[in-house]
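Okay, so chain A shows up in both of these, paired with chain B first and chain C after.
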Partner chain A sequence: MSAFSLYVDRNSGLNRLNPLTMLALIGFCLVAGLALPGAWAPYAVFLLAILPLAAGGRVLRPFLSAALKIVLPFAVSVTLIQGLFWTGGTPIVHLGPLSLKREGLIFAAQSTGRILAVLGSFLLLALTTRTDALMIALAQHGAPKSLTYIVLATLQIAPRFQAKANTILDAQRARGLEVEGGIGRRVRALIPLTIPLVLGSIVDIEERAIALEARAFSRSGPKTSLLVLRDSHMQRIGRWVLVGGMIAAVILGIVLRR
Partner chain B sequence: MNIIVSALSFTYPSGVEALHGVNLAIAAGEAVAILGENGAGKTTLVKHFNGLLRPTRGTVAVGGWDTREHSVAQMAARAGYVFQNPDDQLFERTVQAEVMFGPHNLGRTAAEAGAAAADALAQVGLAAQSGANPYDLHLSERKLLALAAVLAMHTPVVVLDEPTTGQDARGVARISGIVEALKAEGRTVIAISHDVDFCAEHFDRVVLMAGGLILADGPAADVFARADDLRRADVEPPQLVRLASALGLLGAPLRTEQFVDLLAQARL
Partner chain C sequence: MKSIKRDFTTLVLALIPVAIAINIAIGQIVVLLKLPVYLDSIGTVLVGLLAGPWAGLVTGALTNLIWGLSGLNPAYTPFFYVAAAIGLLAGIFGSLGWARKLWQWLVAGLITGVTAAVLSAPTAAAIYGGVTGAGTDLIVAGLRAAGLSVIQATFGQGVFSDPIDKVVSFLVVWLIVVALPRRFRARFPRSTNLPK
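What follows is the complex of A and B.
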């Protein structure tokens, strides 16, 4: 069973980057989008850095599809709420008893831009970088191995959890349990569905822990990684340049805001 | 209650085509074993009998009810399904309450559900544990409890998914007795199993599946004599059939007494 992951396997330069380089690149986009002043800075980062990277990584279609699904409802709701209900402000359009305020719309645009930059950065990372590769790269650079396992196991357990929930649903429906209809019926169906799911998951976790220990998971000493990560001198330099870029963006943001 | 499967095809949302135009007619009161390798389409087929899956193409009718036109809860009154893993359904605090859950869902009164539960628990040998917590039972007992939970619903069709897996000799004997009792009551019994010896002994008809198709369908002795189809379905013949073949005896004995008869005839 595959792990819960958005990763799309493409033969692109981004896919071939060391996960730490990709993490530094994403970190730069994130910091630049949030630290640089001006309402349009996050949009500039999104349009000039994140989108071209998604296109270069050949994940533009899934990237846009996922980003729009999340950002569009947020943008519409924040624009309506902040635009219509901003306290005071300058009305620019009258809609019956309500009016759209200029300050509210600017605030909504700023919030949407930040969400776009943050979400776009993380989406790009998720679409172009294998989670296991990223966690192994972090572990090789000092992150606790147990943390690596917890993150990866959590991602792997999500589809198992979903499959088990579906099986339990089928088993209870086969015994005549109605799971569709009014709210009362749905609430009554919760107990027969959740108890086997929770108990089954506890048993599953215990069995996994025993299986891990039986294979020397907690043994101290060096371990061999079966996943060989590519790296190069150029990438190492690139990572430091990006870290420098992040610091520069923060300083520039502070200076320009004064 | 009969089951009519007509040109049934099914494709999972993932795109996996699990069944390809399957036709099958099971008469009321028949005992049918469905055999085949993993991924042959056995479970996909039987999940259509109570509406858990709906045909992509074709139709399935149980006692004249088109499964596409009824909810799973409605179909549950006609076709009981015993899942392979009992832990996917147990949630009540006592064994008795667990068995009464199905009859309650079907609208039985408390007295009727209690009586049905008591009968079903006696049938599977768990009457003494009726007040116990289901999770205090061993896995083999929990499997019997899941079986009792379906038996108590008194459905005309009973589908058993891998009934003998995880059972010791006593458990298998108990399940064998229950299958025979269901047959004697005139209920339609369908089992999916990799236990060919169990199927050979208790099921008169065998359906052999591979790759979402039915390779062979007929009396158990006939199907178990079709070596090529069994190989294609990755199913080993029952031990008695293999032993008879190794001794050069003609025929496919499914029960010990049939084997002894064949051996006696060969000596004569």
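What follows is the complex of A and C.
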């Protein structure tokens, strides 16, 4: 696999699950986090489902560090903005001319819970599931093969592109391009950075397409995969139970919110 | 269904991953230059123009899903439907022939930007409490201080940033397409929509 992924191979129970089962688990966390009634439900989902799963997959440490890095800016921003500028709230902490409002802080805490549940679910999937295995599993269940190609090719190309972008950045800087300073100067730097990157890569596409055709890419019919996925009767039942759980969470959310 | 399939030639299928990688790479250059825009839909708009609305839709949606589910930028994943709409709109405006004149194409970018702001505000407000964790949050703060509600302030921030972002993206795509070799352009399904 390329570097364009957070996946860590821990040979844990979660790693051995069929990718579709993992997808169903994540889907359940996501739906439960957003749909369940009660403003604090997302925290419950994060603490009782997502964290234990991360621990069970032996990815707790990378999970927490990634989650902290991503959620913290949102949490700080939402607390400051909604706390300070909540319209007509009860002030509880005074900071000079401004004050933090109780209602705003509660709103911010609830938003942070939803951010934790949603982004935590995505991070958990990224840490425990190989994208290539997931795409093959989806293709086996009827997703178009071209979709598999697009996703897997992107994962290979993207890190090379980032390297190329940095090379172009260095090259243009060496020729005297200013990438720091006033906003006008930085905007002008955009064109000499983006156009070479795009033009240089687009012309390669034709060769890529010929190479694909030479390997029977658009031929219909079954194809052999080198990656063999494990699945079991129990997992198949488990997936349906999780789908049922998602529907139940949505119904519960609608009924109890009235 | 048949007409949708006709847009997805092998050449287009080879273009889409490159376009997604362009979105991600330029999106990161912009972060490096500390510009108040995103420019993470240049590849999406390019595919929409060269290969039609459906290919644009797929490129946009997959950009956010892949970027997010790789674990590198999960905050973008919930907005995959906005990115899909941007690709769809770029393709529709291309099909209407708006790409032949630069000013029309920039108007298309403006409309796409306003649409993106309208579409993304509910999700931004419902999941993220209206913030992005980036510099544009200053606008949200200002609008909240002026007495607007959470959703209004989120929408106001989007209406300020998105149209600028999309007009610049559409301009960059126009410059790219004009610079492409004519023989190469002619191989794409929607080559008749392109500027001279």
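FYI, the second predicted complex is superposed on the first by the 226 of 258 C-alpha atoms of A that agree within 3 Å, B and C clash if a C-alpha of one lies under 4 Å from a C-alpha of the other, contacts with A are read in each partner's own complex, and residues count from 1 in each chain.
In the analysis below, contacts are C-beta pairs under 8 Å (C-beta built on N, C-alpha and C of every residue); 3 or more make two chains touch, one makes a residue touch a chain.
Remember, it's a predicted structure, so these values are computed and weren't measured experimentally.
J.: Which partner does A:Pro192 contact after superposing on A: first (chain B), second (chain C), both, neither?
T.: After superposition on chain A, A:Pro192 lies in contact with chain B alone.
J.: For A:Lys164, select first, second, both or neither according to whether it touches chain B, chain C, the two together, or no partner.
T.: Both partners, chain B and chain C.
J.: Could you say whether A:Ser77 touches chain B, chain C, both of them, or neither, answering first, second, both or neither?
T.: After superposing on A, A:Ser77 lies in contact with chain C but is clear of chain B.
J.: In the overlay, answer first, second, both or neither for which of chain B and chain C A:Gly200 touches.
T.: first
J.: Does chain A have more residues touched by chain B or by chain C?
T.: In the superposed model, C touches more residues of chain A.
J.: Let me test your reading of the model: by the given contact rule, A:Ala174 touches which partner, first (chain B), second (chain C), both or neither?
T.: first
J.: Once the two structures are superposed, pull the chain A residues common to the chain B and chain C interfaces.
T.: 164, 191, 195, 199, 203
J.: Could you please specify the touching residues of chain C with respect to chain A in the complex?
T.: Residues in contact with chain A: 8-11, 13-18, 20-22, 24-26, 28-30, 32-36, 39, 42-43, 46, 58, 62, 66, 68-72, 74-75, 77-78, 126-134, 137, 140-141, 144-145, 147, 149-150, 168, 172, 175-176, 179-181, 184, 187.
J.: Using the touch definition from the top, list the residues of chain A that touch chain B in their complex.
T.: For this pair, the touching residues of chain A are 164, 167-168, 170-178, 180, 191-192, 195-196, 199-200, 203.
J.: Give the list of chain A residues in touch with chain C in this complex.
T.: Within the complex, chain A contacts chain C at residues 4-7, 34, 66, 70, 73-74, 76-78, 80-82, 84-87, 107-108, 110-112, 114-115, 118-119, 122-123, 125-127, 131, 146, 149-151, 153-155, 157-158, 160-162, 164-165, 169, 179, 183, 186-187, 189-191, 193-195, 197-199, 201-206, 208-209, 212-213, 217-218.
J.: Which part of chain B faces chain A closely enough to touch in the complex?
T.: Per the touch definition, chain B meets chain A at residues 47, 50, 52, 71-73, 76-77, 80-81, 83, 85, 87-91, 101-102, 105-106, 135, 149-150, 153.
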